[in-house]
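Encoded as structure tokens, here's the structure I'll be asking about.
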Amino acid sequence: MVQIDYTSIDKMIEKYGGNQSALIQSLQDIQGVYRYLPKDALVYLSQKMNIPLANIYNVATFYQAFSLRERGEHIVSVCLGTACHVRGSVRILEGVERKIHCKANDTTKDGKWTLETVNCLGSCALGPLVVIDGNYHGKATTTAIDKVLDEVEKSKAEPESGKSKSN
Amino acid sequence: MAENVAITINGHSLEVPIDTTILEAARLLNIEIPTLCNNENVKPYGVCRICIVEIDEGRRKRVVPACVYNIRRSINIETDTEKIRKHRKILLTLQLARCPDEPVIRALAAKYGVTELHPRLYKDNESCILCGLCARVCSEIVGVSAIAFEGRGPKRRVTPPFDEENPVCIACGACAYICPTKCIGLHDIDGLRTLKRWHRSSKMVACEKCGDFFIPEATVQVLGNRMKIDSGSLKLCTHCRPPVF
Amino acid sequence: MNRLHSISDLADLREKLKQEYDPNKKAIIICGGTGCLGSGANKVIEAFREYVSAHNLSDQINLLVTGCHGFCERGTLLVIKPEGIFYQQVKPTDVPEVIEKTALGGKIIDKLLYKDPATGEKIIYEKDVPFYKRQMRLIFGNNGDLDPRNIHDYIRLGGYQGLAKALTEMQPDEIIEQIKKSGLRGRGGGGFPTGRKWESCKKAPLAEGKFRYLICNADEGDPGAYMDRSLLEGNPHAVLEGMIIGAYAIGSPQGYIYVRNEYPLAVQNAGIALQQVEELGLLGENILGSGFSFDIRISRGGGAFVCGESTALMASLEGNPGEPRAKYIHTVERGLYDSPSNLNNVETWANVPHIILKSADWYASIGTEGSKGTKIFSLVGKINNTGLVEVPMGIKLREIIFDIGGGIPKGKKFKAVQTGGPSGGCIPADHLDLPVDFDKLYEVGSMMGSGGLIVMDEDTCMVDVARYFTGFLSDESCGKCLPCREGVKQLRYLLSEICEGRGKEGDLELLEELGSTIIDTSLCALGQTAPNPLFTTLRFFRNEYEAHIRDKKCPAGVCKELITYRVIEDKCTACGVCKKVCPVQAVEGAKKEIHKIITEKCIKCGACYDACKFDAIFRG
């Protein structure tokens, strides 16, 4: 179970003014720290902001950006936008599912991988696009992505942003 | 400053105060419009779409739900056109595919000509029609919002948070009372009230005089906190309680 | 930065910036838009910075990182000024040569030039690149000339002059008249006349203690459309200026920019821009001493396509789930917090300063009778020149796709172009001469929408496309109303049945019936337009549907259950690559032997098809 820093949540509520309109922003900040929305944090938020927990839960489950479950060490996002779709993103997704033994929008039991799908990242020239730990891998093929996933599994290096995958 | 608007419904003329809904106006004339997600105790939500009517605003005709359309201009309303009947049948077909074994839905569907499950549609096995009346009454009338919607799209449902028993629920049973399909599962057995769908249970308080169980403990707590009540009056059931006047 | 207290302060600042700017100094302009960043622009930028600093060249060379230039297919893009030399697909290893040979030495590096596939010619200057030449880059053009994180660039190029004019020379009603006269229509997809919207909002009765709100809809959800992202990332001040002018015209003290959660760079750059306008006094209390006060806040979305719909967006701003509500009472009367609210799209706002500065008549001279001005489109999918193009309204689809877009890659045949996102439709080759504007595309069942143009070729299955869009919309449906939630779900189910070989006679009629009810009875525009992709593909490609249902065949070779992969024996060179890449060992063949795919083991993943360099795998 993750340790919640309640004082920083207090500070955040103060920063935003603590009313309903700040709810989504607050959840985004919390997820920014813990990489998901821990239940205890939501319960605390409900008490402090005086918003029924059921309403907070409703917002947390309505929006795709929020995760109520801990996410894996490595996050793989496959873009399923239309441009990527016509360039074959479905097969790429299936390839990733096979490779890391994880279904879309799920996390592996060992906590190593989370596989997410996104409805368009706005980088259509790079389609089909797979983002692994923030690194863009454009013009993806199953074989190429398999290789990258192997490398990620083995390496312990820090990910750099904007790294391209030449093909 | 109640202005009136002149309208017609199915050819009958009448005047209604501005912002009257079509459903309210129709009821003034005793014209029947079916509803599922509507209940006079809570604000209209307009989601089941069963109450659709056709309106003629002058420039064009539209299909609108009667419960949420506020009349602000002179319009002509038709409640039973061919188009409305066609759409209502499809809507009920869809509803039936979601809740094929639910008696209230089966009866309503049959009333409007949908007597069988459509063989080509994907069948669910739900009893909840997602009208939201339970969550709406809990929020608007009872004021605790113990339950609310979860998720979106076809996976949407009403639950207590995290689908676990919610201690803020006062087990008053308003949700079960208002539910059109009675799918919440409220049972009072041997002094224990359970609301099956919300995994909620609360012991009932027995009347000090006659011994009948009459109010959930959870409700007593909340009422005691919120209102200045003579604690004695919450120990006797309504039969045994002395009259106020 | 010193706060500006008046219009003349702003004019003085502009003069000063222009004086300090040396247009003849060498400038290396690097595209830092999200697309190029994805192609490795970060490393290129770093390499330039290191080299310039290590060799003490900052006196001779300016480095400018800008937002998106639009020619995304060829990223990382570089422009060298003052000449305007255009380099594409630049790698970090090219950096020293670019600096020494071109920037300092004045010579061209041939291998970095763009080669026009039509003529075989190498193009040196940006202005001659066919992709750019045929565009009219009024709104988007400045992206290549300014650092989005530096308000001074925007001001030097003439920014905020529109605002100055509006505040000092025009009354609010005049401004609205100009916007009306210009013919500007909403660029988010709805195409509602902007001037009329502003007027309605201004006239709406205001209850005690309430305010009029101004909103910028940057929740660009149509997959394949990224115009708004590039505008907000690359030239956020253009949007801000439009909003401030609008707020002055309508009488709003508070504005919001609602940005999609998936656009972190746009959020960042808009945030920096906001800080800078506040510092300079172009936003906040008593703007430029005019007495007018206006504030803007940025709000991020939570990942919900439906929040692009105005009432859902407003619900989200209020901290609620993005559930739309019926619009029988318009949001200009009762919107955010039940108050009169004026919502416009990013691109719409960016058009405003131009109209105010250059006049409504000038604006109305561009475009068609019913659709004035330019439109930015995202041209994506099976197209050679993927990117963002800005063209005058009324240009033909054919021109955009073939003349600017460079046609279909690998010599494949054009099949259809999807316009208008998931609310729009597919337009086949027969209608390529249709002019693109707000009204003409309705004739073929589609719409211009927010500007996404997704090109499809002979290898695209139109039934699969319908299934894709329907699935997308079902996932994104808020789930509130029955026809959308259950109806679109059933459409998706039936389309999957058809794609997977279980289609039956009568399915098409059922789809049409369901679609008609979904259109007429859904609560919001998501549901009301959800059957469009299905209906347009049925209209123009019904034969493909029938092939799937009657013959259990997918003519385009896409639907897994209806196709097989096999080796074309007389093309196979026995190189063994397919065998190597097959994840389930479904290929057999010894060295030098023609390989064979074992159909029963094959999972139709396509790895062999992608890997084979001899076109020796048949899929169909």
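A, B and C label the chains in the order they appear, each numbered from 1.
The criterion applied here is as follows: a residue touches a chain if its C-beta (ideal position, glycine included) is under 8 Å from a C-beta of that chain, and two chains touch if they have at least 3 such contacts.
Please read these numbers as outputs of a predicted model, since none were measured by experiment.
Student: Using the definition of touching given at the top, classify the network of chains in this structure as line, ring, star, complete or other.
Tutor: complete
Student: Relative to chain C, which chain's C-alpha centre is the most remote?
Tutor: Farthest chain from chain C, going by C-alpha centroids: B.
Student: More contacting C-beta pairs: A-C or A-B?
Tutor: A-C
Student: I'd like the Å distance between the centres of chain B and chain C, where a centre is the mean of that chain's Cα atoms.
Tutor: Taking the mean C-alpha position of each chain, the two centres sit 42 Å apart.
Student: Per the centroid of Cα atoms for each chain, what is the distance between chain A and chain B, given in Å?
Tutor: The answer is 37 Å.
Student: On a C-alpha centroid basis, what's the spacing between chain A and chain C, in Å?
Tutor: Roughly 23 Å separates the two chain centres.
Student: Send over the residues of chain B in touch with two or more other chains.
Tutor: In chain B, 149, 151-152 touch at least two other chains.
Student: Counting only residues that touch at least 2 other chains, which ones in chain C make the list?
Tutor: Counting only residues that touch two or more other chains, chain C contributes 304, 321, 475-476, 478.
Student: Got the chain A residues that touch at least 2 other chains?
Tutor: 58, 62
Student: Can you tell me which positions in chain A touch chain B when the two form their complex?
Tutor: Those in contact with chain B are residues 39, 42, 52-58, 61-62, 68.
Student: Spell out the residues on chain B that touch chain C in their complex, using ranges where they run on.
Tutor: Against chain C, chain B makes touches at 46-49, 52, 63-65, 68-70, 72, 83, 86-87, 90-91, 94-95, 97-98, 118, 120-122, 130, 149, 151-156.
Student: Which chain B residues qualify as touching chain A in the complex?
Tutor: Interface residues on chain B, with respect to chain A: 135, 139, 144-152, 160-162, 166, 168.
Student: Quick one: in the complex, what on chain C touches chain A?
Tutor: Checking each residue of chain C against chain A gives 34-35, 37-43, 72-73, 75, 220-226, 229-230, 261-263, 299-305, 316-322, 378, 380-382, 386-387, 418, 421, 452, 454, 456, 460, 465, 468-469, 472, 475-476, 478, 581, 583, 605-607, 610-611.
Student: What residues of chain C sit close enough to touch chain B in their complex?
Tutor: 304, 306, 321, 326, 328-329, 474-483, 485-487, 489-490, 493-494, 504, 506-507, 510, 513-514, 516-517, 520-523
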